[in-house]
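Both complexes below contain chain A, partnered by chain B and then by chain C.
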Partner chain A sequence: MNNITLPPLIALLLFPGGLFLLSFSLFFEWADRKLVARFQNRLGPRWFQPLADVVKLLAKEEIVPDGVHKGLFLVLPIIALAAALTAALYVPMLGFSPAFSFQGDLIVTLYLLSVMTLCLGLAGANTADRFSLIGATRTLTQLFSYEAPFLLALLGPAIVVGSWSIAEINTLASDSLWFILSQPIGFLVALVGLMGKLELPPFDAPEAETEIVAGALTEYSGRGFALFRLGKDVELVIGLTLVAAFYLGGIINPLDFLWKVAVLLLVTAGLQSLFARLRIDQTVGLWWRVGALLALLQLLAIVVGRYLNPLLFGR
Partner chain B sequence: MSETPETPQKFVVPIGPQHPALKEPGHFEFSVDGEIVTGASVRLGYVHRGIEKGAENRNYAQAMYLMERVCGICSHVHATAFALGTEKLAGVTAPARAQAIRTIVAELERLHSHMLWLGVAAHEGGFDTLFMYSWRDRETVMDLLEAITGNRVNYSVNLLGGVKVDITPELADQIRKGLDFLEERNQHYLKVVTTDETFLGRTQGVGTMTKEQAFLTGAVGPTARASGVEIDIRVHAPYAGYPDFPVNLVIDTAGDLLARFVVRIKEMQESCRLIRHILDHMPETELTVRMPRRIPAGETISRVEAPRGELFYFIKSNGTDQPERVKVRTPTLCNWGSVINFAPGHKLADMPMILAGIDPCFSCNDRLISIRRNEQDPQLWSWEDLRQYGVQYYK
Partner chain C sequence: MELKLDTPWQRALDQIKTWARVNSPWAIHYNSGSCNGCDIEILATLTPRYDLERFGVKLQGSPRHADVLICTGPVTLQSRDRLVRIYQQMPEPKFVVAVGSCGISGGAFQGCYNIVGSIGEVIPVDAYVPGCPPRPEAIIHGVVALLQSLQKKPAPAAVPEEK
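Entry: the complex of A and B
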């Protein structure tokens, strides 16, 4: 089944790139916060709260603290948001075919998503604030721990399909058995890896407010903070779309997209409210002792399966 | 061309006076090596309110209201300690029913204080779901306290020589119903705290203090009992209703954060049992006896078990209707040693939980403030100096 394609200018400015993605990511942030709040027996924010926050932050003065590289301080949030928005061009947002697609765009997308984390780390290391410095160290430490397992987990479907293009994997995934059934470990690692990437609880040690206030973003206020937050929301949408496209049998049409992503969001919100925050050493330990090994095991099984399959079934 | 080896500068993480982890102002400096804490120091005194001095200018009845405001969470035990001390000086004993009601309110207050602590400690560990749930359930105790006394924070139950409120049979039924719910929830929290993997990872073996160490640092209350120190004023020097309605000692020997959670939750269960027991055997007497207006000259100490540990009052009377000196020592002050001495070696991420583990109450323990002069050696200011400073400052 083929997805619909869009003209480039619309893809950049309206859909899936610009306006649509921004409003959609704000909606996702609200849904996530609301779900976690309901799980915790709270009321949670009203539907326009994330938008109101962004508007308020954009209207506020941006204070540049002493002792920072001013240019870097101002440009990092923009790069972070731009990278996240660019990544959206390669994923099958809302079930339409990606705006741009080439062999290997999976790797490009993943690294565009990591630019966000790198910017966070740099932003924290740029300031002289002690909470920011510790936050930056933790952000980068966490990056090194989840990045490899997350990548391995998304490689599983790619290897089975035999393509490095997100669009092709999406199309083929919708034709075959859902990968969540054939590769359950990969799905788990991918979903939890996404939570680590977004620094959601229980992987929120880099911004643990009771220890280091707001981590790397402690010195950010106003526009910079708003852009970083938007960037994270965009990442949440893209990440969930990727996982849904790879593991939940691809995304064919908007309805398909909505219910699959909603289910994933429900699961992540549940996981967020279930656990106590992990210390950074526990996070690293978990990923390298459990996450990476599981993902490797999954990969090994796929490779062996690919060799055995022709032998057994003579295809 | 030899370079002198640079001594590595200490990387100090300041926590407070304003910090999201602290609900009250206090200042902590943790020097860290990466994530490992190598040194800790505490500075208190940001919320000194001059309550002891204030008590000297009021008569005993007025001073009791002031004392009740030392702590917002354990207001009742402060008033009880003061009332018991004053009654001892005057040679008066409150009637048995009054003592029983004092005890019931004290135990309800312990329930609410421990539930509040459970939530705060969980929040420090990043377990916000437990925080929200325990605070939701805490509303039950707050409602009960409001039903009994009319207030949610400063209950104002005590009078010198008795209590103000009575517990009617209908009220007793309401309390029993509330306790049913709380006991069930506490059972659940005990299970969560002792079985949840991620939470155990944050509490088991963290901040461990042996029995000897707890003794040496002078820890009191649940902090000490979690290390196996058998210390509980309710058991060892019973006051108010405790001689008639004995309470069982809850101790744990592990000494880590987990043990402090377990001890406090089990204490809540014990409080529930005790309240039920008292409600079933309420003495039928008057609520108050007559107190003399002027208290005979003398000195006394009064000790009670606050939710956080031993609360100590020293009251000196000079024969007038105003106390000459009231000294308060709150349990938090005794427990700081356990934080400062056992913080080094732990991860920075454990600090908020270790801090919260003693259930600190900053405003309560700030009794004296020492101001250091810049031009001279550090020294205390005299009353006259302080007055002069105040006059100059506001001129």
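Entry: the complex of A and C
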């Protein structure tokens, strides 16, 4: 099945690049918070809450603390948000075909999503504050633990389809059996890896407010903090879209997109409220002892299956 | 560096800012020498029973992220410098709510050798919540009264009596 293509200027400014993605990511943050609140038997925030938060932060004073590299301090949030927004151009947002697509854009997108984490780490290491430093160390440690399993998990569908382009994987995934059925381990690793990437509750040791104030972003106030928050929300949307496109049988039209992503959001919100925070060494242990091994096993199964298939069935 | 232009554009912008501020008060909680009674009540206010997130209130760890400093107890000699420092670390615009009789006047600790005095003597306070300790409803009422004063509306009626 073919998706609809969009002219480039609209793709950059309105959809899926700019305005649409920002408002959509704010909506997602609300949905996430509301779901968690409902799971905890609370009423939860009102629908405009994330918007009010961002506008308020943008209108607040921005303090540049002593002892930081000023240019770096001001520019890092912008780079983080820009990288997240750029990644959206390669993803089949709302079921339209990606604005730009080439062989290998899967890898580019994954790296663009990691830029955000690197910026967080740099932002923490840039300030002279001990809490930000510990937060930065933990952010980067976590990056090294989930990144490899996450990549391996997204590699599974790519190998089966035989393409490095997200658009092609999306089209082929919608035509064949859902990959969540043929590669359940990969799906699990990808979804939990996404939660690690976004530092959502079981993996929020890098910003554990009971130990290290607010982690790498402790010294950020006003605009910088608002941009980092927005960047994280955008990553949530892109990450969920990616997992839905790869494992839930591709995204063909807006309706398809909405219900698949909603299901994923429901699952992640449930996981968030089910589990208590892991210590950073537990996180690393979980990823390298369990996550990476499972993902490798999955990969091995795929490779062996591809090798055996022609031998057994003569295809 | 506050530009004071009275154009319609500027007025609309100010209205949006006030709207955002009123709807997203992030709080930080500091105990400057209270007996812990008031702190327990503040924590009770933040539990799912009262669910302050429906008003947009979120407890923040870092003073740099907070708008409202919720402060309890009298100010002791030891904690005065810390209180002032936390207040200074918060970005503008910032507000202070003093919770409990001790924060208003020194309360039970008035006249002690190690007490500087009430919170109002150390940093500017925008709203006082009386009580020893105040009920969670009273604390919510205090924060709402503060937020309504931002919109230049009259404060809501006092908390109704418990039946």
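By our rule, the second predicted complex is superposed on the first by the 315 of 315 C-alpha atoms of A that agree within 3 Å, B and C clash if a C-alpha of one lies under 4 Å from a C-alpha of the other, contacts with A are read in each partner's own complex, and residues count from 1 in each chain.
As a working rule, a residue touches a chain if its C-beta (ideal position, glycine included) is under 8 Å from a C-beta of that chain, and two chains touch if they have at least 3 such contacts.
Note that the structure is a prediction, hence the values are computed from the model and not measured.
Look at A:213: by the touch rule set out above, it reaches both chain B and chain C.
Once the two complexes are overlaid on the shared chain, A:42 sits against chain B and chain C alike.
In the superposition on chain A, contact of A:276 is made with chain B only, not with chain C. Using the contact criterion defined above for the overlaid structures, shared-chain residue A:134 touches chain B, although it does not reach chain C. Of the two partner chains, neither chain B nor chain C is touched by A:23.
Of the two partner chains placed around the shared chain by superposition, chain B is the only one that A:204 touches, whereas chain C remains out of contact. Common to the chain B and chain C interfaces on chain A are residues 40-42, 131, 209-210, 213.
Chain B makes touch with chain A in their complex at residues 11-14, 19-21, 32, 34-35, 122-130, 132-133, 136, 196, 198-199, 201-202, 347-352. Looking at the complex, you find that chain C touches chain A at residues 16-17, 19-21, 23-24, 26, 48, 51, 53-54, 56, 60-62, 64-65, 67, 89, 91-93. Within the complex formed with chain C, the residues of chain A that make contact are 33, 37, 40-46, 48-49, 51-53, 55-56, 59-63, 131, 209-210, 213-214, 217-222, 225. For chain A in complex with chain B, the residues that touch the partner chain are 39-42, 130-131, 134, 137, 201-202, 204-205, 208-213, 273-282.
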